[in-house]
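In what follows, subunit A forms one complex with subunit B and a second complex with subunit C.
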Partner chain A sequence: MSVIGAYARALAVRTGFAQPVASVRHIHLAEAPLVLVPLRMAGEANAPLAAMAGTDELSGTLLVVPQPRDRDLRFAFAGLLGDLLLGYVERCAAAGSEPVKPPRTPRQPAGRPLPDSLLSGSPSSSPGGAGGAAVAAGPEGTAGAADGDLRADEDALAAAEATGPERFLDAPQVLVPNRAGVEFARLFGRSTRFRSTLGEYAVPAGVPLLGRWLTFLAQRAEHPGSSALVAMTEALTLHWATGQSALEDANLAALMAWIDPPDGLSGPEAARLAEDPRTWPPAGPTTDPQFDNRVLAPAIAAYDEAIALLREQAGLAGAPDPLLADPDVIDSRFRAADLGAARVWPGAPDAPVQSWLRARDEVERAVRGQIEPTWRLMWRAVRRLRELPDAASVPRRWEQDRTRFTSYYAYLRDEDGGLPQARRDGAVAAARRLAVLERELAAYEADQAFDDPLVLANQRVTGDAFVGTVVAAERDRRIANERGTLVTRPLVEVVTVDPVRLPIGTKVCSPARVGQTGVIMSLEPAADGLLVSLELSGGMGRAKVPPPGSVPDMDEVISYTSVLPDGAFSAALPAPEDTPWTHGGPPTPYEPTDGDAEETWA
Partner chain B sequence: MRHEGKTEARLSRIRGSEPPRRHNARTIAALTSNPGCARRAVLDAAGVDKERLAERVGFPAAFGQSRFAIVRGNAFERQVKADGCAELLRLLRDLLALDLRDAAYTDLGADGSGEGLDARHVAARERLTRAPGGEDGEGNPGGEGNPDGALFDHPLLRLEVAGQAVYLEPDLVAFQHGGAFHVVEIKSFPVIDGQADAEKVAAAAVQSAVYVLALRRLLGRDDAVSHEVVLVCPKDFSNVPVAVRLDVRRQLIVLEHQLARLTRIDTLLDALPDDLALDLGQDGAGTPVMAVDALTAALGRVTARYAPGCLSTCELAFFCRREASGRTAALGIGVREELGGVETVAEALGLAHGTATPDDDQAESAAMLRTTARVYAEALGAMPETPAGGAAG
Partner chain C sequence: MLTVRPGPRDSPAALAARVTDAILADLRSRRHRGVVVDSPPGAGKSTLVVRAATEFALADEPLMIVAQTNEQVDDLVERLAADLADKAPEARVGRLGRAGYVPPPRIDGLPNVAVGSDLRTLGDPHLVVATAAKWAYVKDRAWRWAIVDEAYQMRSDALLAIARLFEQALFVGDPGQLDPFSTVDNDRWRGLTWDPMQSAVAVLLRSNPDLPVHRLPVSWRLPRSAERVVADAFYPFTGFQTGNGPGDRLLTFTGTSRPGAAGPGTARARPGGSGGTLGRAPAGAVDDVLDMAAATGWGLLELPARHTLRTDAEAVRAVADVARRLVARGAVARSLDRGGEEHPVTASRIAIGTAHRDQAAAVRAALGDDLPGVVVDTANRLQGREYDVTVVLHPLSGRRDATAFHLEAGRLCVLASRHRQACVVVARAGIRDLLDTHPSGEPVHLHEPVRFPDGWAANQTVLAHLERHAVRL
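On to the complex of A and B.
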């Protein structure tokens, strides 16, 4: 909890409404993101009960598994969800691509350029192993990809290399209600990606692909700053502080109640109502136990009975089992006449078929009542987030998501590629992954402060940043550097009332003048605060006297921070093939086994 | 102890006409969260039914368990224990190097003869102490021909909690050859690729620690029961069980501390008014002994220490949350710390906006809060006013 966040919470308590802790949107928000609300059955190992998914609030697809313990129905569900997600992935891929500039070329993305220090400090200049340098990526993308988190990702790079330096203009963005929804995606990906479409335990074609894509998304979700798979509660709390605790914020309905309460209600009043599972069903994936016991369990039991009756009748009539893995049964759009049972057993007596369909519809009706409020809530939250303008560095971070999407897409299509992601990281991959995540987190935090005065405010309170007025500027100051050459090093003096806690010699940067760094030369108490004098370098052209405007002017209000995107630079790790014996030697590539595909899913 | 009778009487007066609520492993485990809460300590010691109390005062907590979870849990336990724990024996053999013979399985569960809990406990006690690790069976652990190991199903243990005997039934207790007893806990949450839900593992660890403690007390020796319990869960997405060791030393320390505290409840009781009562009972005519207002007022006389974490563990949490509204702690410990540790939101904002005068201890926090407020307002000034914020002023 940041100090600004805590203060904003206190204000929210007093005002009864959520208070902003960001003035721009720090995550990318696609024009038509795929909203996914999953539900699972309590007690089971991530057994799906239902999912509502779609890129448009008015045309969401509801998939309901009338008996979540039935293995065939689960895979039928996975098949249909797979069709949905893969369709979305293909649409993203079909949106066109752009040529990728070769690495090492500093780009000038919308908003602000990267500080030189980031470019030179980032491992993009020396991508380890995997020959990542030629991959479809700018410096950032290469940095992330070269240190790939899983074996398959490194392979993905190799594959992408072959496809040419192109990057998709779009990438999938999946929004789930909460952190548990991300975990559902991860586990559902894990339970489906190893399945085989051939052999004894064959599953529908889309199932293993769904698993790979869900795993890809869940892995992206671990990367700070990625917007590929986003938990809505986390996206919201990044931008608003409520008058309740973080624990209570994990309830999407209660969180939205503070941010966007219904007319006539204050945040706390609306939040209390939202906490009642009868008014606002939980956003899942776990359903309300009372709903389970009172509504769902009887409905599923009735379905089981109807099925048993149907099978019995079919058995008597000598017809084949009318329910042999018929996926249609879980797609709410299909009605009786479309269903496979009618095809498999044309002369089926009407009564048992009808009672089975009624039982199916009853489960669906019950689940719909639980899932639809969250579905609408998700879209309300999307609209609320959309009101905020993009932060300056959002396009650059989204570009990284697009880069990873492009290379993974190519990897799946590659002849030698398409292996499912390994169950666990090897030691080497884990170390690399951790290093990447740490660097990304530091860069993301620095980016946010650069893009947003409300985030920078945190650093001002802690004394890591300050805002002040320029009271003196010596634009044409020239000094001799260590080689004796005269260089332009303007001096500015800034008066600030912020509690600066930076030692002399600290390197600082201003969001208003990226590319120009300042070094604190002195700190002296002044009449109304603190006088900070800074020696500037960079970002002022090559002229002996920097052109006006390239250096802060008198009376300009300017902010400086010591938290820089390259702050978390750590020593490069050796390439995988150079892993020393102390760390197990070079890792062996991951090969999925047949056993993986046959793993039971009870 | 001299005070024991007096304390008992006092607690029973608080509880009134109702029988004390029995603890179980779950409720004992819950004692370890928020140990600083006096309200909870007093209610638990007195054996007041917190769930009903919360309902009576208008703040019912929804602590239901889904039927699906219960069914699955029972089915998995049955499966693991089927055929005299055949599957479990195989797992334990690998995990504990337990050389078990089929004959070593003993079911100490209720045999339908209707014997009471006491009798079952005595039987279990007898059987467990006769095992080589017990106080009577010194034996020579390494020797040939000794019983190498044993599994005891449904042993009924007993633990003193706040002066009350609580009966506990661990899933299983295993005796390891030449070593000690291990508590075996069967849970139905999955271990996927070697990882399980951290929250569920934590809960299982505390619950197992309760059994370890009870078994240690029963055997009279701490080293007779290992601090490593065995957790048996379904592997990945299957029904195949997998066993892992779980170190519960930390949980044991917390638990022992908390149980000791319950027996030292006098200190807390001394601070309470003498006529304090929270009687949930009814008189002969079916009318409640205490009206809602009286119950609420009585609850208010016992100080609570609400924290957001209570919402997931304590039945009274909604009541306490309402009571704590306006307090910084209700927003989370972290928020309270960031706000300089001041007690209420009003106070924090007062210091931040300069409308309250800080005392000497608060000078530093106040300065920080003033900076925060100024910086926040400045940063906010750069962005358009939000409708909600504007409406609230």
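On to the complex of A and C.
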């Protein structure tokens, strides 16, 4: 934990209310994000019990699996959830598109265009450039998608499509309550994306697509700075510090109690109430064990009995299994009474139908009681986050999400595309992805400090950044560079009281003048602090004497940080088919088989 | 693991020579695409690299050498140039650097060294040395042979980027040191044989389990007093022996510092230096721990238990005081295993090691203008370096929790194995309790080989040893 974070927590304990640790919102928040609250059944790996989803607090759709152990119901549920998510995805795609600016580096050595989008705003002049990512970018990249573990590698695809002429104006943003919700999305995506819509265990058409989109979202969630799939607890703790532990912060109700307690209660009091699972059921996906044992288990047992009775009656009447053609997943958009006898066979006796409907209602009522408090809490958290202004770099990062969305949307429609994402990365794909993630993390951390003085304060405490007053400025200083030409290199002196721990020669940058870098020339103790002398370059135009304002002026209060986005690129990695012997050699080419859906442990 | 069993009358030198011969024979046999050499601290890893490189140069076989940092490359170039000047005066060493690289004085202008940022301008030398990062940009050229130095410090994705450049390679490194790390925290590659977060050697050996693995048996750096504890804690299954016997390394205090050997503030009267008075370590305790270290090779200066910030002001001051007193008392290091060679322990022969950069900065600030030339750095940056005496701020000192970072065996191993004479550790009391309340709780991942030694156990072993050399405040 950073010193500022620790201080804010101590302050939260002292005051009884959460303290801000950010002054702007570092994540994108869509106008109408899709809030998704999943629940799973205890005791079975990632078996969905229910989900509430929607882009409006007042019209959330509740889907419940009345018997989560039933595989047919599970995939019927996945089909319905898939339809919901796909509808949202299509609405985002239908919101229009914009032309993509041509990449800054027109050609790279391999002769293929370099995708600007991969560079996350960093300079693209290094030799080899983002060649590592770009190698998979071209047609070969898509061919590589059929290459064993490299199928549909997200980054390669994004690179391939980022050079397309258009980018969607909107992209899906899914908000889940917590990190476990992200994990649920990842695992549920994995268990559905390999399913086949044909053959012996055919699933509804929406199921494999749901798997692909959930996997897309879960993979985006790994990227620092992405807002495609956000865990609400993490979004909140990015902006507020509470007086409780990180473990307690993972409880959405307790966290919101600190941030936004009810009138008349302090944070700790409200958090204590919020920890009672009877008033604030867990935000999932795991449900409260007491609820499981006392409410859910009997309700499911009653449902099972009612179904058994209904089937027995159908057998007696010589009618087909009433629920075989249309698996019985509860969907809050349809009223149970409307189903009635119409769902079963004509002339069915009323009593078993009614007891079935009652048992169904009972399961729905029980689950709704567990899921709705979290649903409302999610929307309260959305409103609270919306009060913060966007950080300056949020649109740029969201553009990245939109670019990836555009390319994946196109890939799913491509005639050669649409393969499910690989179960694991190959050697080259793994190295490539790691390089992208490291670059994005460095850029995101630098962005946050640039956008937000409260985040910059962390760096000031550790001595990596400083804020001071300009006491001398030599705006028109010109010196000879190594080739002998005169260049403008203004010199400014800043007095600071911050504990600067930067060696001479360190490159620094100021949020006030992005694009201008300073090099620390000297550090000398002054009467009232430390005198830092900086030589500036860039961001001054081409005039011999920089225009006023392009160089810090006397008495200006200015901040400088040494935490800059990592401009260095990893060199080109080999193509997957050239994986060297040190890493196990080239992977065997991928042939789709019926066994794809099987897990090794299943 | 191929080991050469020591015979009863084997001298360390003979033992080491036999292993080196076996390694070179394996390499020359061309039966394996790779040969791995594990080396405990100071076991002559660089000597092996230089010797192998010289053999390639004598046989007129072009060779590429990969190291991990620019300092390591410069060190190697310096040693190679000196060795080749004697044995193969015709041979040239190429030092490939980034554009704008300025060679340090020790290699600048050497007649048999060519420096450049582009392979074409180097003039086709027999040996080319560069960092892994630089090699990754070399195109259209391949070598039959490569030597990869400090291969355990190299991340496997760095090896992936350069493996196309060579057909066969010798991988040399110290498995006990710090693993490479990533800023990214992601479990998605766990258990894969090509996990990009693992070290190059780990991935190489999992992908090619038949490669021969040799082990250098003798540490020429560490004093005999460090043999048991470092071997037990960090090399529990392989062990090593030191090249010197009991009493071969002597650290004595002459009582006076040479003029100019240290900066101001080294007079006996002010051992506390320029810092405030709060928690200043009494000169008596600092002298006692130095006497202990001189007599036994180890010293633990134990401060009262307290939970502190990372830059614990009292501990930092104590570290600085120990270093100051060491120079002020005119320490002299003598090595009987080097024919009785002796020299004063000046600031440049001392290293101060910490876990975090801000701790290093705090120690540097506490030293002020005293002891210019003393190296104060983190474990990561002290890897592969050698000093007469090291002063270590224990990674767990004053902490409330023991995270995987602070428990990492490699971190402690680096800090506890840089010295030729003695190591003084400064720590808050209570580390034993901290360890007991924080057993390693890292998740175990499927298909991921368990890494030995375990950091928690290694910390316990070292602490148990240090407690026998403790001076308490």
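In the analysis below, the second predicted complex is superposed on the first by the 504 of 602 C-alpha atoms of A that agree within 3 Å, B and C clash if a C-alpha of one lies under 4 Å from a C-alpha of the other, contacts with A are read in each partner's own complex, and residues count from 1 in each chain.
The rule is simple: a contact is a pair of C-beta atoms (placed from the backbone, for glycine too) under 8 Å apart; a residue touches a chain by one contact, two chains touch by 3 or more.
Nothing here was measured: the structure is a model prediction, and the numbers come from that model.
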item	value
Touched partner set for A:A442, first subunit B, second subunit C, both or neither	second
Touching partner for A:T287 - first (subunit B), second (subunit C), both, neither	first
Touching partner for A:D528 - first (subunit B), second (subunit C), both, neither	neither
Partner chain(s) touched by A:R424 [first = subunit B, second = subunit C, both, neither]	both
Most subunit A residues touched (candidates subunit B, subunit C)	B
First (subunit B), second (subunit C), both or neither touched by A:S2	first
Touching partner for A:P20 - first (subunit B), second (subunit C), both, neither	first
Subunit B versus subunit C as contact partner of A:N46, first or second or both or neither	first
Touching partner for A:A246 - first (subunit B), second (subunit C), both, neither	first
Subunit A positions touched by subunit B in one structure and by subunit C in the second	3, 424
Residues of subunit B that touch subunit A when the two form their complex	62, 64-73, 188-190, 192-194, 234, 236-240, 308-309, 311-312, 325-326, 328, 330-332, 334-335, 337-339, 345-346, 348-349, 352, 367-369, 371-376, 378-380, 382-383, 386, 388-389, 391-393
Subunit C-facing residues of subunit A, complex	3, 127-128, 222, 224, 424-428, 430-431, 434-435, 437-438, 441-442, 462-463, 501, 570-574, 578-585
For the subunit C and subunit A complex, residues of the former touching the latter	33-34, 133, 136-137, 156-157, 159-161, 163-164, 182-184, 186, 188-189, 192-197, 200, 203-204, 207-208, 309, 358, 361
Footprint of subunit B on subunit A - complex, ascending	1-11, 13-20, 23, 41-46, 187, 190-191, 243-248, 259-261, 266, 268, 277, 287-290, 292-293, 296-297, 423-424, 453-454, 456-457, 460-461, 467, 497-499, 599-602
